[in-house]
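Sharing a structure, written as structure tokens. Questions coming.
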Amino acid sequence: MLTIKRLDAGEARVLIEGAAAKAREIGVPMCIAITDEGGNLVAFERMDGGKVTSITIAIDKSYTASAAKKATHEYGEISQPGTPAWGISSAIGGRLMVVGGGLPVVVDGEVVGGIGVSSGTPAQDREVAQAGLDALAT
Amino acid sequence: MLTIKRLDAGEARVLIEGAAAKAREIGVPMCIAITDEGGNLVAFERMDGGKVTSITIAIDKSYTASAAKKATHEYGEISQPGTPAWGISSAIGGRLMVVGGGLPVVVDGEVVGGIGVSSGTPAQDREVAQAGLDALAT
Amino acid sequence: MLTIKRLDAGEARVLIEGAAAKAREIGVPMCIAITDEGGNLVAFERMDGGKVTSITIAIDKSYTASAAKKATHEYGEISQPGTPAWGISSAIGGRLMVVGGGLPVVVDGEVVGGIGVSSGTPAQDREVAQAGLDALAT
Amino acid sequence: MLTIKRLDAGEARVLIEGAAAKAREIGVPMCIAITDEGGNLVAFERMDGGKVTSITIAIDKSYTASAAKKATHEYGEISQPGTPAWGISSAIGGRLMVVGGGLPVVVDGEVVGGIGVSSGTPAQDREVAQAGLDALAT
């Protein structure tokens, strides 16, 4: 029998609020999604002005980060032409995201969920996702 | 050019909090989704214990209620065998929900969004969605 | 070798304009879709106020009517519980529409396309689709 | 509550007619799609000879341009191998188009919709989409 650690709804809100605070600080309204360790959605917020396309992209970044236990920008690095994971970006009907902005939520060395952010540049998305993690860690 | 009224992220949170309060009162953890008047997701929360299947169901109930401007239980009534909208329940890849728990958010006579709730019985889902609307109206 | 008769883009416009005139007459803004005899979209219009859910539903009604060479309300009649085509409504990922409002466009005894209408009651949708056919016939 | 500007059905027709005039001028029959600011389809025309594959591509180019508020050729530039948005082209089930021919419709600094064109080369598609915008602006 397995015992699983999984972030709860309250922790999901902390992640979203931490990310949203950073998004406001840099002036980019974001879509922010939180998934559990099984890749299933726990919470989502589209800030006023967040992009409609980013709804799915944020959810899928979080899905990828939590369910594959890997940051999406790391998938970007290993899926370039000529690299081993080339082509992975269209897996799972395109849900496997290789663009930065998806980060696993790690507690005591275990992946307990994920956060996915979209609407800015990939660097901005990643910075805002990290701010969510920082808010939970403090 | 058209001018459209659309609920904002703060109002979406009021809807979710009102619905979640009722869900706690009746002891049924729920998935709660809020969409804008174009059917696009604005906010979502899966309370601890909410069903994984209900993630999509709640989102699609809200999508239906907002984008079709009709409560999902009303679609249930007009899509029974022998009635005119028979078969509508599998439309849009199954996204057109005819099970109760999806309600349009109406402000000043205009549909500005929707709320969709799932994890309980359809009657419970509908009661919790209505509590969201009541919280926004007060 | 086959020689196929297929409605052209100009005829598609006549169909849409005929349908839209009836929609305005009965005061129900509609989504109106025209497909060719292969079920592929030729033209579409969402009148101001037409429902977002009806975009896909109108296209799929037209697809069904043209590609299956049968009015969608006829599918509704033969897919009721206990009838031979029971269950057909979820075929093709739900694209096979059995709700009224999809009609084949028949010229000289051949199906050359289809028209699909959605946003009103099934009876209104069917009336508006018929008005499109009438406009082309005159 | 948010107040949103959205193109109406008449403006969609102006966009299509402007684009179609340019398509005829360069001798390439096109698929032309117009979406609103939420990415939902407003109008579509496949000119006689337009490609069947381009039905979906034109709709998805318009969806991307309006819902992501960015021209599709700009996505092409920032998603090349080694660039930050590498891999974005398969997002949203492949609906996120990075091939030229999708342009946002901007009025008074706000994105009110999008136009997507397909059947020619990406450069031709983009030229025809621009002609649609020019027709609306005059």
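To keep things simple, chains are lettered A, B, C and D as they appear, and every chain counts its residues starting from 1.
FYI, a residue touches a chain if its C-beta (ideal position, glycine included) is under 8 Å from a C-beta of that chain, and two chains touch if they have at least 3 such contacts.
Chain by chain, the UniProt names read as follows: A, B, C, D = Heme-binding protein.
As the structure is a computational prediction, the values presented were derived from the model and not from experiment.
Colleague: Same or different: do the copies chain B and chain C touch each other through matching residue numbers, with over half of them shared?
Modeller: different
Colleague: Using CA atom averages as chain centres, what separation in Å is found between chain B and chain D?
Modeller: Roughly 31 Å separates the two chain centres.
Colleague: Starting from the mean Cα coordinates of chain B and chain C, work out the distance between those two points in Å.
Modeller: 28
Colleague: Just curious, how far off is chain D from chain C if you go by their C-alpha centres, in Å?
Modeller: 25
Colleague: Where the centres are mean C-alpha positions, what is the separation of chain A from chain C, in Å?
Modeller: 41
Colleague: Would you please write down the residue numbers of chain B that are in contact with two or more other chains?
Modeller: 2, 8, 38-40
Colleague: Quick one: do these chains touch in a line, a ring, a star, all-to-all (complete), or other?
Modeller: Topology of the interface graph: other, matching no listed pattern.
Colleague: On the basis of the stated criterion, which chains touch which? Give every pair.
Modeller: A-B, A-D, B-C, B-D, C-D
Colleague: Contact residues on chain B for chain C in the complex?
Modeller: Interface residues on chain B, with respect to chain C: 2, 38-39, 63-64, 66-69, 81-82, 84-96.
Colleague: Along chain C, where are the residues that touch chain D in the complex?
Modeller: For chain C paired with chain D, touching residues are 8-9, 12, 38, 40-48, 52, 55.
Colleague: With touch defined as at the start, can you tell me which chain A residues reach chain D in the complex?
Modeller: 48, 51-54, 56-57, 60, 75-76, 79-81, 89-90, 93-94, 97-100, 121-123
Colleague: Looking at the complex, which residues from chain D come into contact with chain B?
Modeller: 1-8, 11, 36, 38-40, 107, 112
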